[in-house]
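In the two complexes that follow, chain A is the common piece, with chain B as its partner first and chain C second.
So, the complex of A and B:
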């Protein structure tokens, strides 16, 4: 997208420059004006994003009282802790499973919405996007109440089918399932909306051509829909991977990492260590472990976004 | 070759058309069936919030059907809306969100204009940088930011920690990159002829921005505003880290920490509080759904 922008403005400048005269003054002032227009943005990014990010690297090399340099001491300490490896494992399980299910459900639901007559689509889309609109901290409270050990409305309903009370948040395996379920509930509508927009942009002629060639529904999806949507699927999935990996609200409210830190992920563990136990350097070290994964995802997104910009 | 193909397709055509329309009817029925299932899945938690919020504590702890309200009451809402504490949370949330929206717009509209229309040294890099900043999650920055603000407070003596207004500095790190990014997109889609004509008529850059770009890109502006508001309203991690006393809490933190305390969970009140907290974004969404979705798909929001 950025490249397109640059090309536009370059073209604009050459045409304007040819007109000369009073425009020339405006052009000369342009870079000064541009500088002042972007100055608040640059300051914000430099002071409140870039600086803290680098500062957190510095913090991670200090001891708990932040007076002594310990080098990689915090990292070697974490490597020796079993809890930390559990956090790494759980973060990966949580993020990957949740993103796969969000993407799948989003894809399927987008198809169903796309299938029905156009005049009803708005209503369904509106209903299905509600989980995305409610602040996650609020909706997770509703889930917490649905999962309540003694008054669980789910268990009440399931008891009619002879399924015994499920310890939704009490048992490690079920707690892992529950946090993923809530995350999928919250994130799937986003995929649905993105895929729906992408589906609408696939030209009908392609499906007609496929139908004439005798393609069945599966072949239509595999050879027409998926290739046409490849880029948007990649961007959406990578975005979601970043956000799911860095998720805090849902796990914090639902389980606070429990039982016995079994559902702790990077963000909640960093909060527990860095803020609640006030070992800021150790917390910074924990959160820095997210960087490699986020960086890889960011690089791929950037590639896909600029590709998408060039297509448009 | 083509004649052969036509011959082959000829006799089968009627049958195929019949089966296709029958297929389509079934596909439609299945679509509705699954859409109903997914809608139930999506709407169960918010509906259950509403159901619980209308119950008394006695009814909640009774072993009756949890999906039905036998004695509806508004007592939970009345109690919350007359409690100074809850109104304080609401007020803090509203103040933070509104100021952050204004700050975000003041920063991101001029920046997006400059990045979309004025090529200057490093503008392409800065545009990419804005996008990358948008990908930096809050859970990566909360610890260093906490330490940074603690240090600033120590040096200057200005109380920053445990004050709701510290959030005014922090939330823009979440809202500004995204809003700038989608505004660049909207501004870049405006035909160059429009601003060229304005420049020829003697308009300054600022006049071009206020008289042409802002009115023309108004839908994008509304989408960005909605985004900034919902993000600030829903933010949970930063206020949890930066505020500790009850009178400085914003809604999400206030509800989760003051209403859930000890062993006694007053679920009726928690659910009414959560529903009231969810109301402003839901109301905006109900009225401005199309802008909401436009913003979502324009910038590929977080999900």
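So, the complex of A and C:
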């Protein structure tokens, strides 16, 4: 019996010692240090991203005068509005078309740049990135002058060939074309640089093996380049889709959503409804409507990426 | 020597009394009144106009011993609206914030009533027009103080030479400087014929069909001159009426003579149209003329600002009043009211008008014949009729008389210009009306 008591007290002493050392050990662990180092950023994100996001969810549940809780009332109201569905349709057209063209142009240009001898490549890479590094609000102003209703530089140039004048921003189809064009111009360099990085990481041996097997140019792209770039393509597309869906500045500066709301997208419509019409809860609901659409896209794309990651 | 002892009961009573006295004491407009006041003014586009506002505030602050800070907030890209919305949400910010047209009603619950400032100002400077009341008053309470800086009429600014040459209309004769207008024949029909003649002459009228305020304001005045209301004062939709149909038919005819890119115009487009010498008329306050004075003096010399054409239901001109709002969360309301009273004095108003070169319009009836409008040139008398000195037109705002919270949405979402454009582009009248009615019904949520 006495032996049991002695053993028990020894065990208790060991636990206490282990407890005292566990904090010390935790602090020495790399993951803990990493957590503390990222804590300021986590707090910053919580403050600047999480709080506004939750606040906008709260706002979307209030009535126009923001005095009454209406649950999903704002959403059910929006679902009955013809203009809202037009905005949904246009946002999808805008984002999907722009992302497809950005990806295509980025892919083609990345190949061109990849094939430039290493000596001159840096210069080209720098130049091609210029549209992406200029703040879009500024570059879009330059585009606005090029498209200007009355003094368009494009129309001036086209007039020498007997073409135009084209109502770049005054006609619905042309206005949609113009806002997508500027978005593609701005976003394609991002795809280009990502694809270029992916291209550089494809081992040369694979191309050599394909060449020995007699693969032509198209087969090399289809069976070697594309499979090796799939994850980068997927992640870049997702990232760009999110950013393009949430675009505000380009449309706001070029058309403000006109003519006849036919270039209105989620963010510009949310601003029109929320700020200009003083219906902040409805504006918050419009902008939150993007979330499920982007969440579904993110789930599909990321699921595919992780599946391929597991296969690898 | 006896010493009176203060009982606990006496101490509590004395403390309570002095606290109550401190809290309820009125702001003393004397030399020793103090405190801080933060002001957000609209950033005027006329270079020296801000200085006049600063001088007037400083003059008051020195007298009242109040520490003031002023921010000039641009209206470009809706910065003022964003500031108003942010401060209303945060319940913190400036004490006084300049806001225009719909904002006093939009934030009426958070604004301090200012009857004690506006009523004496009206007594001193004359009555205010119906639009100032419609936008600045709710249930007899003044929500904000009518501000001179920024307030404007967007009437026609016409090229004297082009109008005479192509339409045979002498605008100087119709609106002579220093004399009442002789504009009985200046009707919507005359206007349409003039638009056609100038378009054929290669100088179309520069009227926008976009979604920004200049386009909406013109549409508003034209609709009102036909008696067309989308929502009446009781808040009932009145879209499907003959008046609205007539206004749309008229607009369709007018659009045929406007520049083909007018649907994409913003508030800068019409100014550029006039200054570049491409058009015979625009609907704008004298800012375009003022810029032309600097950049294209030969154009400025030919500009004449005057009244709107009359329709079957009267002569209406687009009017956009600005206000100074006082937040109810302000910590120095009495000082703020004292300052607003100072800024509403006739002498202050005269300084505002002069500093802006005649652009700023006081809301008060006795202040529309100041010498600035008679004196500015070229040509002499060009702005004489700008402030509507003979009250020959009704100053109104698009979408009125709908209750302001509904009208604001009709206005902000440019329903009037959209209707005109849809119909002019070939949509059936009834389809356009049904669409507009649906939109208006959507604006009635509370």
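Couple of notes before you dig in:
Here is the rule we go by: the second predicted complex is superposed on the first by the 251 of 312 C-alpha atoms of A that agree within 3 Å, B and C clash if a C-alpha of one lies under 4 Å from a C-alpha of the other, contacts with A are read in each partner's own complex, and residues count from 1 in each chain.
Throughout what follows, a residue touches a chain if its C-beta (ideal position, glycine included) is under 8 Å from a C-beta of that chain, and two chains touch if they have at least 3 such contacts.
Quantities reported herein were computed from a predicted structural model and do not represent experimental measurements.
In the overlay built on the shared chain, the residue A:127 is in contact with chain B alone; chain C does not reach it.
Looking at the shared chain after the overlay, A:98 reaches neither chain B nor chain C.
Here chain B and chain C are compared by how many residues of chain A each touches, and B touches more.
By the document's definition of touching, of the two partners only chain B reaches A:112; chain C does not. Of the two partner chains placed by superposition, A:62 touches none, neither chain B nor chain C. Contacts of A:77 after superposition on the shared chain: chain C is touched, whereas chain B is not.
When the shared chain is aligned, chain C comes close enough to touch A:259, but chain B does not.
Contacts of A:37 after superposition: chain B is touched, whereas chain C is not reached. With both structures placed on the common chain, the touch criterion links A:151 to chain B and to chain C. Touch criterion met: A:275 reaches chain B and chain C at once.
Residues 151, 252, 271, 275, 280 of chain A lie at the contact with chain B in one complex and at the contact with chain C in the other. By the touch criterion stated above, chain A contacts chain C in their complex at residues 63-65, 77, 81-83, 149-151, 165, 167-171, 175, 252, 255-261, 271-273, 275-280, 282. Interface residues of chain C facing chain A in the complex, by the touch rule stated above, are 77-78, 81-82, 85, 89, 102-103, 106-107, 109, 209-212, 259-266, 269, 272-273, 276, 278, 405, 408-409, 412-414, 418, 421-422, 435, 438-439, 442-443, 445-446. Those residues of chain B that touch chain A in the shared complex are 27-28, 30-32, 34-35, 38-39, 41-46, 48-49, 52, 60-61, 65-67, 106-108, 110-111, 113-121, 123-124, 126-133, 135-148, 169-170, 172-173, 176-177, 180, 184-185, 188, 192, 196, 199-200, 202, 204-206, 230, 233-234, 236-237, 240-241, 252-253, 255-256, 265, 267, 270-271, 274-275, 277-278, 281-282, 285, 289, 292-293, 296-297, 300-303. Interface residues of chain A, counted against chain B in their complex, comprise 1-6, 8-13, 15-16, 19, 22-23, 26, 29-31, 33-35, 37-38, 40-42, 44-45, 48-49, 51-53, 55-56, 59, 102, 105, 108-109, 111-113, 115-116, 122, 124-139, 141-143, 145-146, 148, 151, 153, 156-157, 185, 187, 189-191, 193-194, 197, 235-236, 239-240, 242-243, 245-249, 252-253, 266-267, 270-271, 274-275, 280, 283-284, 287-288, 290-291, 294, 297-298, 301-302, 305.
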